[in-house]
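The two complexes that follow have subunit A in common; it is paired with subunit B in the first and with subunit C in the second.
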Partner chain A sequence: MQIRTVSLMLVCVSLLCAGSYAHADEASKLKGLEIATERKSRDMGWGDSSAEATMILRNASGQEASRELRMQSFEMLEDGDKALTIFDSPKDVAGTAFLSFSHAREPDEQWIYLPAIKRVKRIATKNKSGPFVGSEFAFEDMTSFEVEKYDYDLIREDTFDGEAVWVIEQTPKDDFSGYSKTLVWVDKSEYRARQIEYFDRKGAPLKILVLEDFRLYKDKYWRPHSSEMINLQTGKSTRLITNKLEFDTGVKESDFDKSKLRRAR
Partner chain B sequence: MLQHRPLLVLAGWTFFALLLGIGMSMLTFRGDYRVYFEDDNPQLLAFQNVQEVFSKSENVSFLVVPDSGNVFNADTFSLLIALTEGAWQTPMSSRAESLVNFQHTYAFDDDLIVEDLIEPSRMSQTDIERVKQVAMSLPEINNRLVASQGDAAVVEVTVNLPEGDHTLAVAEIAAYARELKAEMEAAHPGHTIYLSGVVMMNHAFAEEAQKDASTLVPLMFAIIAIAIVLMTRSAVASLATMIVVALSVVITMGAAGYAGLFLSTATVNVPTLVTTLAVADCMHLVVSIRQGMKQGMSLDEAIQFSLNINTKPVLITSITTAVGFLTLNFSEVPILADLGNLTALGVMLACALSLTLVPAFFRLCKVNLAGQTEQGNDFFAKLGQWVIVHYKMILPVSVLVLLISAYFVNKNELNDIVVKYFDQSSELRQAVDAQERLIGGMTNIDFVIDTQSVSGINSPDVLQDLEAFTHWLRTQPEVIHVFSMADTYKRLNKNMNNDDDSFYILPQTQEEAAQFLLLYEMSLTYGLDINNQIDIDKAATRVVATLQNLGSKEFTEFEQRAKRWFESLDTQATLSAASPPLMFAHIGEVNMRSMVNGALVALVLISAMLVFALKSWRLGVISLLPNLIPAGIGFGIWGVISGEINLALSVVLSMTLGIIVDDTVHFLSKYNVARAQNKSVEACVRYAFSTVGMALFTTTVVLASGFGVLTFSSFALNADMGLLTVIIIVAALIVDLLFLPAFLLWLDKANNQKEKSYAN
Partner chain C sequence: MTKASLDVRANIALAMGAIAGAFSLSASADVTFSGEFGVQQRYYLQDALYPTQPRAQGSLFLQPSLYTEWNEGYDSLVFTPFVRLDQEDSERSHADIRELLWLHAADNWELRVGIGKVFWGQTESLHLVDIINQTDAVESVDGEDKLGQPMVSYTWLHEYGSLSAYVLPYFRERTFSGLEGRLRPPVPVNTDKPLFESDDEESNVDFALRWQQSINSWEVGVSFFHGTNREPELIGTLNEMGEQELLPFYRQINQVGIDVLNVSGDWLWKFEAIYRAAETDNAISPAMGVPLTPESEAIDYFAAVGGFEYTLVGFMETTYDLGILMEYQYDERDNNFFAPAQNDLMLGVRWALNDQDSTEVLVALIQDLDDTNSRGGFIEASSRMTQNWRWTLEGYFFAAEDPLKPLYFVRQDDHIQFGVEYFF
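So, the complex of A and B:
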């Protein structure tokens, strides 16, 4: 109910505000791309990071389930980033490790290590729209933001949580994306994505991601410590809470390799 | 005095009707099977819980039937591809599943490949053969997404209906589905597509209600108008009656609108019932006015005469009828209670309107009915004489008829198959029949196995129980398909072991099961997750069994059998069951029980009223017989011609009780009047026959034709209710004209003799 009210309000707000940028023109597309490029460039040079996080899944009846995971990320300057996720709970999947290479122009690559059979399995590239461990996050929501992945259009200027924002429409270039488009609320002060709304293949609002509790690292890089993905259609939601985040942990690019997955701890 | 201001009466009622009539604009049709259930119905709650824990399962199902009798060909495949693509665009859809996007898994190069079963780019004969081989070998597909004979395929769309009233959403989805079906049939000649599923069923409920409103109501008005003209042979009388009817209906339905009620398959018949009962009231008044004028009274005298002798019986029968309808509140089905309350209101309005408006209208028009001939009274006088002569024969015959009826009453069986409420002319029913022919049935039941512990389902013991339960279900004769995670676990284990068939068994350890599932889950594409089969904690799993379209009794018996078998497993996990068909199966039984109570209450109340009205304990008790016997005969005849009792028939008992009392009241009160004058039993019977015989016959014809209109409904709940009511009303007339006088003759003659012997 609340979710529906929120989404209804969002629709109304977007209809009301649509006036100023009613039609996508070259200028608004260019401005959209400009903002996306600046957003990416402000987030370059962070190197590597390591996080401990809790993922809380919640279904329509309010029942909750949680998963503990650790995430290591390695920045690739010329391409998409590399990420390694290790599950600590539930117990029967503890030690399962998930490696992904995000690419700017080619499809992402992903592998998974299953400790029960001590083997690494590749996950087909087109299956990136599926749910990440049963959560409301899809694979493609978890990979790094790369400018080349989308077409952009600045829809309007707005305020979000009292701050001035741009609302940018992103249309995925990849046919295998689960989305027809996404709307991203980017704040003008720091170029941070504050909220993202995802639209399904028939163009209906599907999910909304709210990013909160931003903290500054290395005096330059903002990271949300809490993000919640709410499914507007099913009433399910997933909250990702970062309990601990460190930078410059000393990992090397060579640690992000499928041959090393089975030793990932 | 109002009686001298007829125009004021007319204007007053018209103003009142206009005022309340505005409420009619608030009435809407509701297309939602949930109108049959209270919000706290336990089966509804169970089903809602399943939908919240897992994904929703409300669906639209496209059944694609190629004329060739074989779906495994390039043309049908391209239809299925286009249809699946189109199905994703269904408003409010969250999932579309078919042979095309079935997430086929296999091992390749030591990797797990998860992909659509049919790829548009691979449509060679070899590819088609491969698809066929996979489809027929996998229990997840065979007889779910494709018929086991390969002669039909299914595209299943799951939708998320909004909270509250579904009507608009359902109409939008149904319109889209029909458009898509038409488009596909046009693009691929040689294919027929049938639409079914919960959404289409919901929509059919609204459509049936609308159909009844647009066809039955005008038909009923036509029939009633003809009946009135034929029987009164007076334009003024007909007009007066029609005004009473119109105002009763407008005020009742307006009040319904103000009360926030809505039109459903049940309440849409309120105008028909109110009209019928209003006409019966008017008939009594008109017939007496004419009698009076024929005896030489002036119009005013005749009106006064008619009011004198009719006010009480009309009031009493209106109250008893209202009480009968009010006991529908005992029903577990909210819309049947609505039907009862609205009709009760309408009946009382019709009573007030006929007692005030008919006299007013006659005064206003200064009509003279004296010249008109009245036929039939001779016939009833002769009939009375015949009964007096033959009563010793009538009684044993009546007892025999009653015994035979009682025997056949037992042939009736509770049987609610919701999809069979719709007759063959409805789109849904045709789809259901096609589905039954090709796949075997569509009654689904969701079993939930709950371990109450995180990752509980992955434990080898629980998996074994799940597999055993799945297997047990498959061995049951009424089961045509079982959709179970057990098959997925086995398939994954085989895939992870290089597609070695000997590994088509459950994973051996909890870790294997959990991690295979995790890998599989991560490999699925958009919208095709397994949250519809397993909950977020992996603590519970849903097993969907599809059954033949069983009656409610067999269906609830199956549910119990399944639960008993699961309990015998000696497992920590619990089993629960839920689904819309199960809801209907249960409500049929519960409703029957509560309606029997309702009928008993109605019987007690109505009999008490008769004791009061007839001012005689004895006649009150005697009236029980002619009030009950018609229902016995009616249900006996029903046992012969159908034998299937559904939701609506369970309410007929208390509903008809109030109506048939009308005959008894009129007959007994006239008989009583004559007895008070110390006439002989024979004379009393003769008197009753000649004064009310015609009136009883007339009202019975009107009532029977009014309820008879319902039998034209293509919605079985309405048609069956109409037919059984007609049978009972006609039986009531026969009982009141044959059995009741014969019984009185026998009883009172015996008493007379006793009195005489005492006197001696």
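So, the complex of A and C:
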């Protein structure tokens, strides 16, 4: 995102949007936006990445099921990122591919490729709040963080896992989001999201995501290699483990094309 | 033993050989081996209409797949044979090569050579535009199983969409239930004596073109096909023994098609339409040894299907998705065996539990708007039992009282089918 747009937004927050948040303090909202903007800017320029991951789904009685997947991501500087996810297991869905174009202001675009019938299907926009392959992650949890997607408010300063953090409240601007708000624990040292608590549309706590095992790539970009999403209402959880992560793999933006889903393997 | 059953056995033996070869090949390093097999049991809810038909029908299938790639993945080869063995119907016991396809992918173009499968279209209840592959009609009532199609296809990927050209050098005949099978007209279709309008018969070279593009919330496709109609006309005649038989007649046609999808919030709007025109208005030529059909069928016609899918995500504060589907089907032809959708409405509900086992249920009713007594319905459900096993349940229901309605022939063929499938 351009610096110009950010400063425009800062003006917007301070001048126009203030009235709609009676409980939030003007300064705390500005600070929240500043932190979010810095968080995003520290994570810009990574280019493209390719990951192999395992998702472990656990239900309330402790039964586990796993999914093996590969994810390719391509950073879009002016917009949300593009991502391609291909499943290797369970075997009955092997070869199923998701292509998503995440957008900051417009609805995301998503397609699914079903290899058995060779069919590419567009997915309805609202599906973003639905579970991703039966996991506790929603589609929207899998898309890239963009500053323009939320309104911000700094709630408090705290410590998390022994580190100083800010706790930021993020209110989604998208009506199709499944959340009324999220709370994000951002560490002060590296501006990494360490924990995210999600609230359902009625405002009740719904899920909590803990991000761990951060590793540094290209001397600049921190990536969690383990994250666990716990559903506070059902007791189910999903752990996402990154087994392998590479940057600068040589993929091009044009590779993220729904016409090319048929060749995804 | 008849010629047909010999053919089937030869085909199946060939496929078994190919599968055995595939197994040994997959032992070498860079070949990925995967696939599925399954066992299914069908039970028909009513007595058979015709004396040779069974009440229950068991079957099994095997579909392994071999895949290898080279040249950093820009070249790949996939081989997917398929075999079905049916306990009752020798016509349903069959083998096919679903895919034997070399793909060369470049940045902005793709070339495919071999036997492949292509899907075109957007709607759920009918696939009008989809014409490249022949329907493997003995596999399932829904017509979604297809035979492998020999092809050379070139796709050009451009920011203004993808443009694909197809040369289809060999025609695949539709499969039909045999004498011991259900879901057929009173007289089985004799697939050993197909009739072709083209002098080149199944070697007639067909051509197709398709352009497809996503424009924001729209998906648009326009297609053209020139060649042998995948859907035969059924010609009633007498065989050498003086018995009635039905012969499939494959006409030369031109077809233009359009398919459109719009996504708007939780609504998906879908539409497909085709205009299909016969190359000539020939009925059957007497040279084929078959008398001319008395009534001339509508051979140039328009057909369309359109509707919506509305998804309630997190239905009733659960993690379930509930999709409501409604599609209107129109076909200019009246009372054609292959066109029950001449003025019909499909109403369906898709229920996805979003659980670990990916449990899904789809229930639909298709009502003929001209005749309240003519309707069809189906249920499809499946769920994973373990990482590799899945169960499936399908049920199809037909009702028709008017002998002129296409569903009249299968009015007693309501059935449920339970199956288990193993994926490897």
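In the analysis below, the second predicted complex is superposed on the first by the 242 of 265 C-alpha atoms of A that agree within 3 Å, B and C clash if a C-alpha of one lies under 4 Å from a C-alpha of the other, contacts with A are read in each partner's own complex, and residues count from 1 in each chain.
The rule is simple: contacts are C-beta pairs under 8 Å (C-beta built on N, C-alpha and C of every residue); 3 or more make two chains touch, one makes a residue touch a chain.
These numbers were taken from a predicted model, which means no experiment stands behind them.
A.B. asks: Let's test your reading of the overlay: on subunit A, do subunit B and subunit C clash or fit side by side?
C.D. replies: The answer is clash.
A.B. asks: After lining up the shared chain so the two structures overlap, which partner does A:91 touch, if you call subunit B first and subunit C second: first, second, both or neither?
C.D. replies: A:91 contacts both subunit B and subunit C.
A.B. asks: Going by the contact rule set out at the top, does A:155 touch subunit B (first), subunit C (second), both, or neither?
C.D. replies: Neither partner.
A.B. asks: In the overlay, answer first, second, both or neither for which of subunit B and subunit C A:229 touches.
C.D. replies: neither
A.B. asks: Please work out whether A:119 is in contact with subunit B alone, subunit C alone, both, or neither, and reply first, second, both or neither.
C.D. replies: In the superposition, A:119 contacts both subunit B and subunit C.
A.B. asks: Regarding the shared-chain residue A:60, is it in contact with subunit B (first), subunit C (second), both, or neither?
C.D. replies: After superposition on chain A, A:60 lies in contact with subunit B alone.
A.B. asks: Go through the superposed model and pick first if A:129 touches only subunit B, second if only subunit C, both, or neither.
C.D. replies: both
A.B. asks: Examine A:99 and indicate which partner it touches, taking first as subunit B and second as subunit C; both and neither are also allowed.
C.D. replies: After superposing on A, A:99 lies clear of both subunit B and subunit C.
A.B. asks: Touch check for A:259: first (subunit B), second (subunit C), both, or neither?
C.D. replies: second
A.B. asks: Quick one: is A:83 in contact with subunit B, with subunit C, with both, or with neither? Answer first, second, both or neither.
C.D. replies: A:83 sits against neither subunit B nor subunit C.
A.B. asks: Superposing the two structures on chain A, identify the stretch of subunit B from 7-15, 25-33, 97-105 or 187-195 that clashes with subunit C.
C.D. replies: Stretch 97-105 of subunit B has C-alpha atoms clashing with subunit C.
A.B. asks: Which parts of subunit A are touched by subunit B and by subunit C alike?
C.D. replies: Residues common to the subunit A contacts of subunit C and of subunit B are 57, 59, 63, 65, 90-93, 117, 119, 122-124, 126-127, 129-131, 133-134, 176, 178, 234, listed in rising order.
A.B. asks: Which of the residues in subunit A end up touching subunit C in this complex?
C.D. replies: It comes out as residues 57, 59, 63, 65-66, 89-94, 107, 109, 117-120, 122-127, 129-131, 133-134, 176, 178, 234, 252, 254, 257-260, 263, 265.
A.B. asks: Of all residues in subunit A, which touch subunit B in the complex?
C.D. replies: 1, 4, 57-61, 63-65, 90-93, 96, 98, 112, 114-117, 119, 121-124, 126-127, 129-134, 138-139, 176, 178, 200-202, 204, 233-236
A.B. asks: Per the contact definition, I'd like the list of subunit C residues that touch subunit A in the complex.
C.D. replies: 34, 36, 67, 69, 73, 76, 103, 105, 107-108, 110, 117-119, 144, 155, 157, 162, 212, 214, 216-217, 219, 261, 263-268, 309, 311, 313-314, 319, 321, 354-358, 384, 387-388, 390, 421, 423-424
A.B. asks: Would you mind writing out the residues of subunit B in touch with subunit A in their complex?
C.D. replies: For subunit B paired with subunit A, touching residues are 49, 51-53, 55-56, 88-94, 110-115, 160, 162-163, 454-455, 458, 496, 509-516, 518-519, 521-531, 535-538.
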